[in-house]
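Okay, so subunit A shows up in both of these, paired with subunit B first and subunit C after.
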Partner chain A sequence: MYQDYLGEVKKLLHGKDYKVVGKNVIRVDAIEKVTGRAKYTTDFIIENALIVRAVRSPYPHALIKKINKKPAFKIPGVVAVIIGDDIPGENQCGYYLDDQPLIATDKVRYIGDIVALVVAKDKESAWAGADAVEVKYEELPAVFDPKEALKGDFKIHNRKSPGDVKVIKGDVEQAFKECDVIVENIYKPGSQDHAYLETEAAIAIPEAQDGILVISTNQGPFRTRNAVARVLGKPQSQVRVITPYIGGGFGGKDTYGPIISSLAAVAAEITRQPAMIVHTRYDSFVYHFKRCPFEIRFKSGATKDGKLKAIEVDYLCDCGGYAAHVIGLLKRAAYHSTGVYEIPNCNVQGIAVYTNNLPVAAFNGFGNPQMLFAVESQMDLLAEKLNIDPVEFRLKNALVPGSRTGTNQLLDHSVGIKELISKVAKKADWVKKRSKQKRWQSETKKRGIGIGCSWHGCGTTGFKHDWAGASVILNPDGSVTYSTGIVEIGQGTITSHAMMVAETLGIPYEWVKVELNDTSRMPDSGETHAQRGAFIGGTAAVDAALKLRKKLNKLASEILKCDEDEITIEDGIAYSLNDASKKISFNDLVREMYQRGISPAEYGFIKARRGYPDPDTGQGDPYAAYTFGCTIAEVEIDIETGEVNVLRLYPGVAAGKILQPDVVRGQINGCAMLGLGYSLTEVVERENGKMVNPSFTDYLIPTIMDKPEIAEFISVEDEYKYSGYGAKGVGEIAFIATPLAVANAVYDAIGVRFYDLPISAEKVYFALKRK
Partner chain B sequence: MEEEIRPLPKFDYFSPHSLHDLSTLLKQLKGGISFLAGGTDLLVNMKKRITIPKVIIDINRIQELSFIEKRSNNIHVGSVTRLNNLIESSIVQENVPLLTEAIRFLASHPIRNRATIGGNLCTASPAADAAPPLLALNASVKLKSPDDEKIVPLSEFFVGPRQTVRKHNEILTEIIIPCEKGSNAFMKLGRRRGFTLSVVSVAAFGIIKGDKFEDIRIALGGVAPTPIRAYKIEEMLKGVEVSDRSIEKAAEIAKSISKPSKRAKRASVEYREAMARVLTKRVLMKIAFEERG
Partner chain C sequence: MKIKFQLNGQPVEAEAPIDETLLDFLRNRLRITSVKKGCDLGECGTCTVLLNGKPVRSCLLLAVQIDGEDVTTIEGLSKDDNLNPIQEAFVKEYGFQCGFCTPGMILTTKALLDKNPDPSIEDIKIAFEGNLCRCTGYDQIIESVLRAAKLIKR
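Coming up: the complex of A and B.
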C-alpha cells in the first residue's frame, strides 16, 4: 500500500535527470488566466437560473418562535420560500460534528445564521422577498468571550465545547525544576478574513434520472457532494459536483463550499429548476467563516546550555456558534506546539469553546500560525534570557533525522530544518545585521531583524481519513487526458500533477490535458487543503502513470525485442538503452495498446502513510511527513507614527523536491503577503460577533505597494520517499513563518514585544509612548 | 456599524448634454436630486442606503464641465475632470504641483480613472485628499443654479462631515486655483501604503525669505469634521525664524487645533491628534529644506 514512489521513479528513469519535473514549465492555466478567458463559477451561470437569497438572523442568540413565509409571496418574482422543515433530506451541514443545521429551525447561534431561503426569478425580488419573510425571535443571552462562555451559564449547544486535545509526554513538572530559565506568557493571535478575489457562489442544476449537478466555489468537491447528497436525501451517485477554477480559497472555501453548494442545491431540488446563490463582498465578509482566534498560555523552559526541556501549554479556541472546522485546527495546533524543536517533556491541552461569534473556518496554516506565533516568540524570549543568539538557539534544538516530535513520532528522513535555518541565516547576513553596534538608525527610524521557523504536517490531521485518486487515459493519438480529485485554487497544483504524469510516462508536458474537476469521474479524493494537493493528490497521479508506464515498457520491449529493463521513454520516444536504433514513438506504442486490447487507462489511488494519535495522550503519528519553513524579516519602524515597514523577507522551505520553482515561488511570495497582512494590518472588528469592517476600505489586506523586497527562496530538497518525486507541500508553510519573523524583528528594533496580532501602527505608537 | 451593500434602489435618470439643458431640467425637478459624476462615492452610498435619491442627473455628458485651463494667473479646472487627467496634466504639474502630489496616491488607478475632482469636494469627507491642498492654495469653487452663479472660497465651502454650503439645485462647475511660486509639501498617513484612506493628511504651501517664514499656508485633513485651514499656525509662523523650535511649536498647534470626531472610525482621537503634530512637523521641515536647499 505504501510504495517507495521516489525509488520506483528513479529506477524507471535509470538515474537520469528529470526532463520535466523541477523545470519552469508554463502553468497549465497561465495563458487563459492572464488573458481573462479562464472560467470561474459565476461564468457558468445559465439564463433563467433562479436567484437564492438567505434570510439571516439579526440576533447572535435567539429562539425562533415563528416564521411567516406569506409576505414574501406578495413580491411578484418570488417562486419559493424554504425553511428548515422543507429540506428534503437531513437538515445537517456540520463539518466534523453534526451540530449545524443548514437552515436553523429551533434557534440561531450567531448573527447571520440562516433561517430561510427565498428563491426568486430576479435579484431584486429575491432581496425584497428575504426582507419580507417575517421571523419572530425570542432573544437569549449571548456570549462573545470564550472564557466567559466556559464559566458562565450559557447554553448555546447542549455542551460547552465541541472538542479538546491533549499532548502528554514525559514529566513536565520535574523537567521545569531542572530548567535554568523559564518563560511564560499569554498570546492572543486574532481572526483573519480569507479576502479572496472571488466571493462564494454556487449553481445547482437538476440533471437526468433525478440527479443534481452543482458547480461551485469549493475546495472539497467530494465533501461538497456528500454534504449536498445528505441534505437532499440522495445517494452520493446522484450528485455531481464540478469545480471550475477557484479565485482563491485559503481554506475558506473548504469550510463554506459545502454550505453554499447545499443552499443552491436545496433550492434547485425543491423547484426542479436551476438555482444560484452568489455572495456579495459584504455577504462574504460578514457571513463566511474565518480564522479562529486563539488565547494561548505558553510556558517553556530550557537549561543554561541552551537545550529546551519542557513546554506547558493551554489554549482556548473561540469557535463561534458551530464547531465547523475547529476540531481539526485545534488538534493540528497541539501536534505542532513544540515548534520545529526536540522537546522531551510536553503537557499541551487545548479546548474549543462555543460562543455566539461567527464560526471559524479552515485558513492557511490551520491553527499553526496562531500556535507558532507563541512558540517562536517564546524562543526569542528564552534566547534573550540565556544570552544566546536566536539562530544559534534554534539550531541547538532543531529536529534532525532520528528525532521524535511532541507526539513521539519518529522522523526517520526528510527533516531539512536545521540545514534550512543555517542557509536562510547566511543568505540574510544574519550575524552582521543582528549586531546592534553597526546598525543603521535615525532620529525617527529604527531597524530590526527577526527569525521565524515553522513546520506543517502534510495531509489532513490524523483523526480523519486521507486518501486521493487520479486517472490517466492515453488517447489513440498519444495525447493524455488526466483527471484529479484535487482542485486548482490558484496554487498551481494541476501543473505539478501534469508534470509528474509527463515525466513518468516519458512524454512532453504539453501532451497532458488536465480535466475540470468532476466528482463523477473520480473516487473520493478528500479536500484540497492541508498541503496535500501535490503531496497526496500528486502521488495518486504518479501511481496511475506508473501503472501505465509499466505496461508501456513491457509492450515496447516486446515490439523492440529487448529486455524490459533496457527500455526507457523520453520526449515521447521509447527506445532501448543498449541500442538506440531500436525505438518506437509514444503514439505508435499507444495505438498498439489499443490494437492488442491492453487497457490504455488507469486509476491511481493512495492513502497517506500515517496514524491516529491516542486521544488521551496525543501520542502517535498524525502526519505522514512535515514541511519546514524559515523566514527572516528585516523591518524599519517609524517611531513617531508607529508604522512598521517590512523592508525585506528571506523565505526558505524544506519541502522535499521542488516540482516547479515558479509555482513554488508564487506560493511563497503570496504566502508572505498573506502573512504580512496577518502581522500588520488585518483585523476582523466585531460587534456582537458580527464583523463591522466588512469592506476592503476597512479590512486592510496589503497592496502591491506594501510588498517588501522578497529574496529568492532558499530550498532544502529533503525528499520524502513515499510521495511522487519526493515532494512535500508548500502552500501553508511560508505563510506561517512570516508573522513570527516580523514580530521578532519588531522586538529587535524597538524592544517592545507584542503578544497579539496584528501589530498596527497605532498599537506600536502607543506601546512606544508607554515605554 | 457598516451598512449592508444592497442592490441599487430605483431612481429616475437624466443625462443632459449641456449646462443649458441642465438648467432647464433643474427648473422642472422638485428635489431628491443627486448629481452623478464618477459615481465612486455616490453609487456606494446608494447601495448602502446612505443616500436614496429620487432623481439622478448624470453630468458626465456635459462637455463644458471637463477642462483644465490657465487663465491669467489662475488654473481653472472643470468639476467633471477625472483625477487621473489632473495627475497627468502638465498645466497642473507646473503651476499647482501640490494638487498633483496629493491626489497621485488617492485610491487606485481604476478609481482615479472615474473619480472626479468635483465629486471629491462635494462628498465633503473629512479625509478627502484633494481638499487640504486646495485649501492651502486658496482655491475657490464656482456654484451654478438655474438662475444664479457664485464663487465661494473653498475655506467656506465645507460645513460638516458630508455637508457643504451647496444647495440641492446648485452644481459645482469649476475650481479656481491661484498660481503662486513657492514650495509645497503633502503628506498622508494611511493604515497601509497603497490604496488607503487618509487617517491624517497635511498640505502646505510656503515661501521662505532669508531665514524667516514669509508666508505659510497649511491645511489638515482627517482631524476635524471637515478639512481645515490651520490659520493659527500660519499667523504664528509669519516672519518667524525657521528653526526646529518654531516648527515644533507649529506642530504643537496642529495637535491642539485638531478636533477629530469621537465617532470617526479607523483611528483613535488621540492617535489622530498626535499624527497631526508629526505630519505638520514633517511637512514644514520639507518646505524649510526645499526653500533653503
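Coming up: the complex of A and C.
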C-alpha cells in the first residue's frame, strides 16, 4: 500500500529527465478562465430555481421559544418555510463533532445561527419572507471571551470544551533547570476572513430515482455529499455533488461548503424543485466561519551554547458557538509547536473553548500561523538574550534527516529546512542588512529585517482518515480521460495531476483531459485542504497511471518481442531501448489492449503513510511528510503614522519536487499577500461575536498598491519517496512564514515587540507613543 | 423599460427593469455569466465591463443607463479559442488562479493598453487599484499586462 512511487517512476523512465513534470505548461483551466467561459456555481443558471434565504438569529445566545411560519406565507412568492423539525434526515452538520444542528431547534449559539429557511419563487419574496417569519427568543447570558467562558457559569453546550490536545515528551521541569535563558510570553494572534472573491453558494436539483444533485462552492465534494445524505436521510449513493470551478477557498469553503449545500438540498428535497442559496458579500463576511483566534502562553528555554532544551505551552482556541473545524486545527497547532527545531522536552496542552462568537473555519495554515507566530517570536527573543544572530540560532536547532519531532516522529528523509534557511538568508543578504551600523533610516522612517520559519504536515492530521482516489481511462484513439476527487480552487492541482498522468504514461500532457469533479465517478477522496491535493490526490493519479503503464509495457514487449525492462514510452511512442526501430504508437498499443480484452481503465487509491498520535501524550506520527518554509521580510515603519510598509519579501520552500514552477510561484506570492493581510491590516472587528466591518471598504485585504517586491522563491527539492514524483504540498507553507517574518522585522526596526496579530498602524502608533 | 445598446459590437434590444443593475441584467437576462458578482457594492472589481471603452463596475450602474451606449464584456475580446493577445499573455504568465477576478482584470488591461500602450509598473498598479485578487499576489497579473503590451506592439 505504501509504495516508493518516486523510485518506481524513476525506474520506469530509465533515469531520464522528466518531459512534463517540473515544466511550465498551459494550465488545464487556462483557456476557460481567460475567456470567461469557466463556470462557477452561480453561473449554472437553473430556470425557475427556487431561492432559499436563511432566517438567522439576532442574538448570540438564546432559547428558541416559538417559531411562527404563517406571516411568511402572506408574501405571495413564498413556497415553503422550513424549520429544524422539518428536516427529512438527521438535523446535524457538525464537522468533526455532532454538536451543530443545520437548523437550530432549541437554542441559538451565535449571531447568525440559522433558525429557519424561507423558500420562494424569487429573491425579493425569499428575503421578505425571511423577515416575516416570527421567532420568539429568550435571551441567555452570552460570553465572548474564552477564558471567561471556561471559568464562568455559562452553558452553551453540555460541556465547555469540544476537545483538547497534549504533546508530552521528556522532562520539561528538569530541562528548564538546565537552561541558561528562558523566555515566557502570551501571544494573541487574531481572526481573519478568507475574503475569497466568490461568495458561498449552492444549487440543489432533484434527480431521477429520488436522488439529488448538488452544485456548490465546496472544497470537499465527498464531505459535502455525506453531509447532504445525512440531513436528507438518504444513502450516500443517492446524492451526487458536482464541484465546478471555485472562486477561491483557502479553507473557508471546506468548512462552509457542506453547510450551504445542505441548506439548498433540504429546500430542494422538501419542495421537489431546484433550489439555490447564494450569500451576498455581507452574508459571507458576517456568517461564514473564519480563522480561529488563539491565546498562547509560550515558555521556551535554551542553553548558552544556543541549543533549545524545552518548551512549555498552553493555549486556548476560541471556537465560537460550535466546534466546526476547531478540533483539527487545535491538534495541528500542538503537533507543530516545536517549530522547525529539535526540542527534546515538550509539554504542550491546548484546549478549544465554546463561546458565543462566530464559529471557526479551516483557513490556510490551519492553526499553524497562530502557533508559529508564538514560536518564531520566542526564537528571536531567545536569540537576543543569547546574543546569537537569529539565523544562526535557527540553524543550530533546525531539524535534519534523523531528527525527531515533538511528537517523536522520526524524520528519515525529505527534511530540507536547514539548507533552505541558509539559502534564503544568503539571497536576502541577511548578514549585511541585519547589521545596524550601516542601516538606512531617517527622522520619520525606520527599517528592519526579520526571518520566519514554518512547517506544515502534508495531509490531514493523524486523528482522522486520509485517502484519495483517481481514475484513468485510455480511450481507443489514445486520448486519456482522467478524474479526481480533488477540487480546483485556483491552486492548479488538476494540471499537476494531468502532468503526472502524462509523464507516467509517456504521452504529451495535452492528451489528458481532466473531467468535471463529480462524486459519482470516484471513491471518497477526502477534502482539498491540508496541502494534500498534489500530495495525496496526485499520488492516487500516479498509482492509477502506473498500473496502466505496467500493462502497456508488458503488451509492448509482447508485440515488439523484446524484454519488458527495455520498453520505454516517450511522446506517445513505445519502443525498445536496445533497438529503437522496434516501436509502436501509443494509440495502436491502446487499441491492442481493447482487442485483447485487457482493461484500459484503472482506479488509483492512496492512504497517507502516517499514524495516529496517542491522545494522552501526543506521541506518534501525525503526518506522512512535512513541507518547510522560510521567509525573510524587510520593512519600513513610518514612526509618525505607525504604518508598516513591507518593502521586500524573500520566500523559500522545501516542498519536495516542484511540479509546476510558475504555478508554485503564484501560490507563494499569493500566500505572501494573504500573510501580509494577516500581519498588518485584516482586523475582524466584533460586537457580541458578530463582525461589524463586513465590507472590502472596512476589512482591508491587500490591493495591488500594497504589493511589496517579492523575490523569486528559493526551492530546496527535498523529494519525498512515497508520493508521486516526490512532491510535497505547497499551498499553505509560504503563508505561514510571512507574518512571523514581518513581526520579527518590525521588532528589528523599532524595538517594539507585538504579541498579537495583526500589527495595525494604530497599534504601532500607540506603542511608539508609549515608548 | 426597453433599451438599445451595442454589446461586443452587436446591437442589442432588451427589456430592462428600471431598478436592475447592469450586472444583474447582463448575468440574469442576457446570460453573460463571465461578469462576476464579487461584492455588489463597487469594492472588488470582479464585475468590471467596458462602457465606451472605459472600465466601469457593472454593479454600480443601472441597466437603463447603458441605453444608446457601447458595452464590452470579455466575450467581445476573442472568438472561440482564438485568444486576444491580452488573454494569451494571462495564460502564459499565469495571471490567474481561481479565475474569478480574471474577466475583470483582462478588461481592465484592455482599457489601460488602449489608452497607454506602454505602461510602467506604476501605471499598471494605478489602473488595477480597484481590482482585488486574493490568489496571485498580483505579480503575475502585472507580468501578464507587460507581456500583453509587448504582444500588441509586435
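What we mean here is this: the second predicted complex is superposed on the first by the 771 of 771 C-alpha atoms of A that agree within 3 Å, B and C clash if a C-alpha of one lies under 4 Å from a C-alpha of the other, contacts with A are read in each partner's own complex, and residues count from 1 in each chain.
One rule holds in what follows: a contact is a pair of C-beta atoms (placed from the backbone, for glycine too) under 8 Å apart; a residue touches a chain by one contact, two chains touch by 3 or more.
Keep in mind that this is a model prediction, so the values were computed, not measured.
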| item | value |
| --- | --- |
| Which of subunit B and subunit C A:640 touches, first, second, both or neither | first |
| Subunit B versus subunit C, judged by how many residues of subunit A each one touches | C |
| Partner chain in contact with A:601 - subunit B first, subunit C second, else both or neither | neither |
| Partner chain(s) touched by A:681 [first = subunit B, second = subunit C, both, neither] | first |
| Partner chain in contact with A:127 - subunit B first, subunit C second, else both or neither | first |
| Which superposed partner A:760 touches (first subunit B, second subunit C, both, neither) | first |
| Partner chain(s) touched by A:280 [first = subunit B, second = subunit C, both, neither] | both |
| Touching partner for A:705 - first (subunit B), second (subunit C), both, neither | both |
| Touched partner set for A:577, first subunit B, second subunit C, both or neither | neither |
| Partner chain(s) touched by A:697 [first = subunit B, second = subunit C, both, neither] | both |
| Contact residues common to both interfaces of subunit A (with subunit B and with subunit C) | 280-281, 695, 697, 703-705 |
| List of subunit A residues in touch with subunit C within their complex | 24, 26-27, 29-40, 42-43, 45, 194-199, 245-250, 280-281, 489-492, 662-663, 665-674, 695-697, 701, 703-705, 707, 710 |
| Subunit B to subunit A touching residues, read off their complex | 1-2, 4-7, 189, 191-197, 265-268, 271, 274-275, 278 |
| Contact footprint of subunit A on subunit C as seen in their complex | 27-28, 31, 33-41, 43-44, 46, 73-75, 77-78, 81, 83, 87, 90-94, 96-103, 106, 124-125, 128-129, 131-142 |
| Residues of subunit A touching subunit B in the complex | 123-124, 127, 280-282, 286, 640-641, 643, 680-681, 687, 690, 692-695, 697-698, 700, 702-706, 760-762, 765-766 |
